[in-house]
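Consider the two complexes below, in which chain A is the common component and chain B and chain C are the respective partners.
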Partner chain A sequence: MQMVSLKRGVSQNMGFATAVLLLLALYLTYNMMHPRGFSSAVAIQNSNETVAIAFVAMAQTLPVLLGGLDLSVGAVMTLTNCVASLLLNGSPAQILLGMGLTLLTGTMFGLMNGLIVVYGRIQPIIATLATGAIAMGLALLIRPEPGGNVDGDLGWALTNSVWDLADTYGFADGGDAWWLRPFADIPVPFLLVLFVAIFVWLPFRRSVTGRTVYAIGSAEGAAYMSGLPINRAKIAAFTLGGFFAACGGLYLAIQTSSGNADIQQAGAYTLNSIAAVVLGGTSLLGGTGGAIGSLIGAMILRVISFYFRILDIDPLLQPLIEGLVLLTAVSFGAFRTLRVKNQLDLFR
Partner chain B sequence: MRMSISIENRPIVIASLFIVVILIAGTAYTLSTTGTAPLLSANYLLQQLQTGSFLGICAAGMMMVILLGHIDLSIPWTLTAAAMTATAVGGDLALPTALAVGLAVGLLNGFGVAYLRIPSMIFTLGVDTVLRGLMVAQTGGFAPQDKATPLMLFLAKDKILGIPAAIVVWAAVSLIIMLVLTRTGFGRSIYATGSRERAAYLSGIRTRSVIIGAFVVSSLCAAIAGVLLAGYSAKAYQGMGNAFLLPAIAAVVLGGTHILGGKGRYIGTLIGVILIVLLNSVLSIMQMPEAGRQIIYGSVIIGMLLVYGRNQRITS
Partner chain C sequence: MTEAIVEYRGISKFFAGIRALEGVDFKCRSGSIHAILGENGAGKSTMIKIMSGVLQPDEGTILLEGKPVTFSSPQAANEAGIVCMFQELSLVPDLSVADNISISHPPRRLGLIDRRAQVRRAEYLLARVRCEDIDPNALVRELSLSRRQMVEIAKALGRDPKVLILDEATSALTSRDVQTVYDLLGDLRDKGVASLFISHRMHEVDALCDTLSVFRNGQHIETFAKGERSEGEIVRLMIGRDVEAQFPPRPPQPPEALCDAPLLSVKGLKWGKRLNGIDLEIRRGEIVGLGGLDGQGQKELLLALFGVLRDVEGDVRIGDAKGIPSSPAAAKSAATRLALVPEDRKTEGLMLGMSIADNLLAASFANITSGPFINPKKARAEILSGISKLQIKAGSPADPVMTLSGGNQQKVVIAKWLMINPDIVLLNDPTRGIDVGTKQEIYKLMRSLANEGKAILFYSSDYAELIGCCDRVSVLYAGRVVSEQEGDAITEESLVAASLNIGIEAA
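For the complex of A and B:
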């Protein structure tokens, strides 16, 4: 009985399972080849570089589950990045308030996206194309030149290991308490992403609103006829997407202690987030997948780029290899077409 | 008599009215600041349309793909790759080379979407990344020739009978696309496939070939735009196509083409392009900083779609 349900669980989450295995294989090999592999320092550096794209990929997941696409995630992340670069300094209370305001900015922007999509009845992809431009404009207003002023202690504490966090803020005997020892070497950024995934994404997925998001992605008409709260679910999905994007922007500001309203960078984040979502096993047609998968997908994307540092590859060939890997990875989806028994099933 | 406008033409009429509003607002601004009205001079408008022709040609190709309910995100680097290989080859072969690059990319995109059934959103994105990689690898190690050939310079900068050649090329492309969409079986098949691929397939349309055809047209248009842009700036450079992707999508949608496919007229796309080009030029006359431009740009798209781009309410 147990075996059967496990088998079914894996076969229904093929994309996700493949992504996890791929990530494990890639990352273990990476650490074995790295001269200082399996050390805290390498893990800290890697996780620092992954956080922003991981959050943005999670943000992209929700609209994709609805069967849409959010072209504004990169711009919202940039906007919140600029907001955070202004607010994250002063007394601890001021810093906390700044964090709250940053997250609120992104969440409100997501809410606006949701309201436009639901009550304006505009296709998500085109509505967010426009609101993305607005977000970039606001980001440029806030920060015409790159720069910022982020509290140094905060930047140090959140971008290193748990021991450094405890050491900086002087709790748990400055990091030497016995109960902290098992966790002392874990990178804080990794825990932050995990925290948001477990305490924000999982409860949402289990709620009626979250399930409705999946239902809408599978068959909107059927979801409507079943009396599910369609409008609420759509608005909630975009709002939560905005919140995740804000988490990414907030962390990027803490990590780089600056804000940068760069249109190219925002576009790159948006496009990479789509790639990460697909790699993580979420269908672009909506209805299947999840934010955890996208998290894995984002990590895979990043690990591939880490390889360039340890392998002696001509830097000029790097973009080409990145592109080929991405194209090959998404082409695996084509196996679906071989299994189809009725040609008509290929057409939506 | 009460004017009645069919649903299909409403976007076109409203977008045209908005163009007039932009022209009036811009002229009012220049009259009040400098006392001149450059926006209404034919020369200035032709010059704006000349720079707008690159966007116009990209949007023409993009429209074919959007009519199918797909999207082509590989336009930026198809444009760049075509321009860079054309200038690297040089001479008489430059133009055929660019078109060959466009053809190859289009076939690849079409194959991935039509046969492998990978969503166009992600497949064309992957192709775009690969093209970028190829161009970086090609030009990074050594510097190939990047000067535009005389023919490219002529097409982009010279005038034919007083009209900039780039506009003539744009008009030719527009005419061909318009004829294809309204007068040929291929055009009809595009609308049918975009409305419901399953039904189109069952009624005997070879939908796979139609999809490949549309992607080839899109990439060819991007290649032509690349050749013109290389001629206009006298050289090909990396990232020259980045500024065209989102405005092209916006122009097509503002012109009333449905983003999920099946509906839309080419004249609308034409008007969408002119709207975006004029909006941009009025904003630069007003010396609007980049921040304000982005905000206004986004608000205009949202505002116009709220007027006429709304979906049906889901009821079953």
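For the complex of A and C:
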């Protein structure tokens, strides 16, 4: 019975299963080739560089599940990055308030996207192209020059291991408590992403609103006929997307201790988020996949770039090779067409 | 006489100035099964859509249990206890059966969907419609059309309807499932539920309903109790004119010259687990029927012949060519041309958003080009000939095909394929969900195509059609031909017996 349900789980989530296997293979190989592989230091560095794209990919997942695209996720991340670079200092209470305001900024921006798409009846891709430019404009107003003043302790604590976190804020005997030992070497950024995925994404997926998002992407007419709250779900999806993008921006500010309204960087994050979503097994047609898959997809993208450091490849060749690897990875998903016996199934 | 649960007073609805319903007064009682009859385009669908909140009336009021109500969305109608099962299924293909059954009001724990409770609920409701074989965790996209329809019924049942609307709900069901639905509706009637039942199958209406209402041209013509009118009278009310014999006569003997070699011959056709060695022959001028219960390989056989399936084994000769075409594109352009009218006209037959003209030309662009470009003169001539040949009732060929009624949409599909002048026509249940008048036109067309020397392979889930239309019928069971019947030996008893593979030979 258990085997049967496991088998079905895998077959219903082929894209996701492929992505997980690919990530494991790539990351294990990477660590074996790395001179200091399988060490806490490598893991911490890797996860630090993955957090922002992971959050942005999760943000992109929601519009894609609806069957659309959000071209503003990178810009919203940049905007919130700049907001955070202004607010994350002072007393602990002020810092917490600043974090809250940063997340609120992104969430409200996502809400605005949703309202425009639903009540303005504009297709997501074009609506967010416009709002993305607006977000960039706001970011440049807030921070014409890169810079910022982010609390140093916070930056240190959240970008290192659990032990460093406890050491900085002096809890659990400064990190030496016996119950903290098993977790002491885990990178905090990894835990942050996991925390958001488990306590924000998973409950959303199990709510009626979340299920409506899937239903809309799969068959909007059927969803409407079933009496599902279509508008609410669309707005919620964009709002949650804004929240995830803000998580990315907030973390980037903590990690770099600054804000930077870099248009090229915002664009690159948006495009990479789409790649990560597809790598993670979410269909661009909507209706299947999920944010956990996108998380895996983002990790795969990052691991590919880690290889350039240890393999000593000409940096000029990097985009070319990244493109080839991405194409290869995505075409794993196309393997299903080889197994299809009824060619009509390809179009379903 | 129990009180009316739903009452229409002077309901009118217009689409772009064209009347779809006009001044309809209508009543429906609790504890009854009420048939709505009428040709396609008579206003039945509009009336149902108004009741279920999809459309809002332009004039008039609706009373629910004596109180005026307005439904602004299907959600509002659902909450008032009016549940509708649409012809176009309202299931979400990428969600599981259990998700779909409890889609709008799932069981929850701590505000989140309780998946275990949801599966239990699905199991309970599926058991009520005797479909224990459906796995609640399977995705709806993995199910066949007939299974999906049963899931749809389970879903409707789970909403505790006061008024249950079934719009062609049994059109794709197997006979066993149809019986289940009959029993279920009987149960619901005894519990005081009002069921509104739209079907184009008269024997279903006869077996099931206690009250009948006839619509024509957007008007409510008459409501009467079952048995008050003969079948002939009802049909006359529906189409407003007399009808002759339902099926065109079979020629006593196919013309000699056409009889010699089969145009299509199939030996030992196998595909996966669905086709297990099919033998079949069709000559020019013949209509050969495929019978049997739903899902015995009929659809797969048609798809295999049309080049849609991969890894098909067996000996196939089409005209002088050996083997199966490699794709639909090859099938329609071979020396002996094949055409397939597919099962689902909305997804496989038509591009709904495109114009009638573009749909008509979709298979025959090769005939109307000058060099690489479409020749508008040739195209126009082809379109007009297609429209007039099948008497498609359309405003303008430039209108999107989705503005047509179901019957006219199906005519567009058939006309599209006739434009390639096929030698072999494969028909997959072409009359499903179509009004009586159009059905008869299709029967006549099939016979005249056969008389022109085409070979026709015709799958139908309606036994009466097989009996009335076909020269021969091959009954399939578990991917094999279990019985071949010819001419007057084709009877309902013999078909049913063969379908169940119980080996009773017709007398």
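Just so we're on the same page, the second predicted complex is superposed on the first by the 331 of 348 C-alpha atoms of A that agree within 3 Å, B and C clash if a C-alpha of one lies under 4 Å from a C-alpha of the other, contacts with A are read in each partner's own complex, and residues count from 1 in each chain.
As a convention for this text, contacts are C-beta pairs under 8 Å (C-beta built on N, C-alpha and C of every residue); 3 or more make two chains touch, one makes a residue touch a chain.
Since the structure is predicted, the reported quantities are computational estimates derived from the model, not experimental observations.
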Partner chain in contact with A:227 - chain B first, chain C second, else both or neither: second
First (chain B), second (chain C), both or neither touched by A:12: second
Partner chain(s) touched by A:138 [first = chain B, second = chain C, both, neither]: first
Which superposed partner A:29 touches (first chain B, second chain C, both, neither): neither
Chain B versus chain C as contact partner of A:341, first or second or both or neither: second
First, second, both or neither for A:324, with chain B first and chain C second: first
Which superposed partner A:94 touches (first chain B, second chain C, both, neither): neither
First, second, both or neither for A:39, with chain B first and chain C second: neither
Partner chain in contact with A:211 - chain B first, chain C second, else both or neither: second
Touched chain A residues, chain B compared with chain C: B
Doubly contacted chain A residues - partners chain C and chain B: 221, 224-225, 343-344, 348
Chain A residues within the chain C interface of the complex: 5, 8, 12, 203, 206-208, 211, 214-215, 217-219, 221-229, 287-288, 340-344, 348
Complex contacts: residues of chain B adjacent to chain A: 71, 73, 112, 115-119, 121-123, 125-134, 136-137, 140-141, 197-198, 201-202, 207, 242, 246, 249-250, 253, 259-260, 289-299, 301-302, 305-306, 309-316
Sites on chain C touched by chain A in the complex: 54, 73-75, 77-79, 84, 86, 88-95, 99-100, 103-106, 111-113, 115, 137-139, 141, 155, 271-272, 300, 303, 308-311, 327, 348
In the complex with chain B, residue positions of chain A that touch it: 69, 71, 116, 120-123, 125-127, 129-134, 136-141, 144, 220-221, 224-225, 230, 264, 267, 271, 274-275, 278, 284-285, 315-324, 326-327, 330-331, 333-334, 336-337, 343-344, 346-348
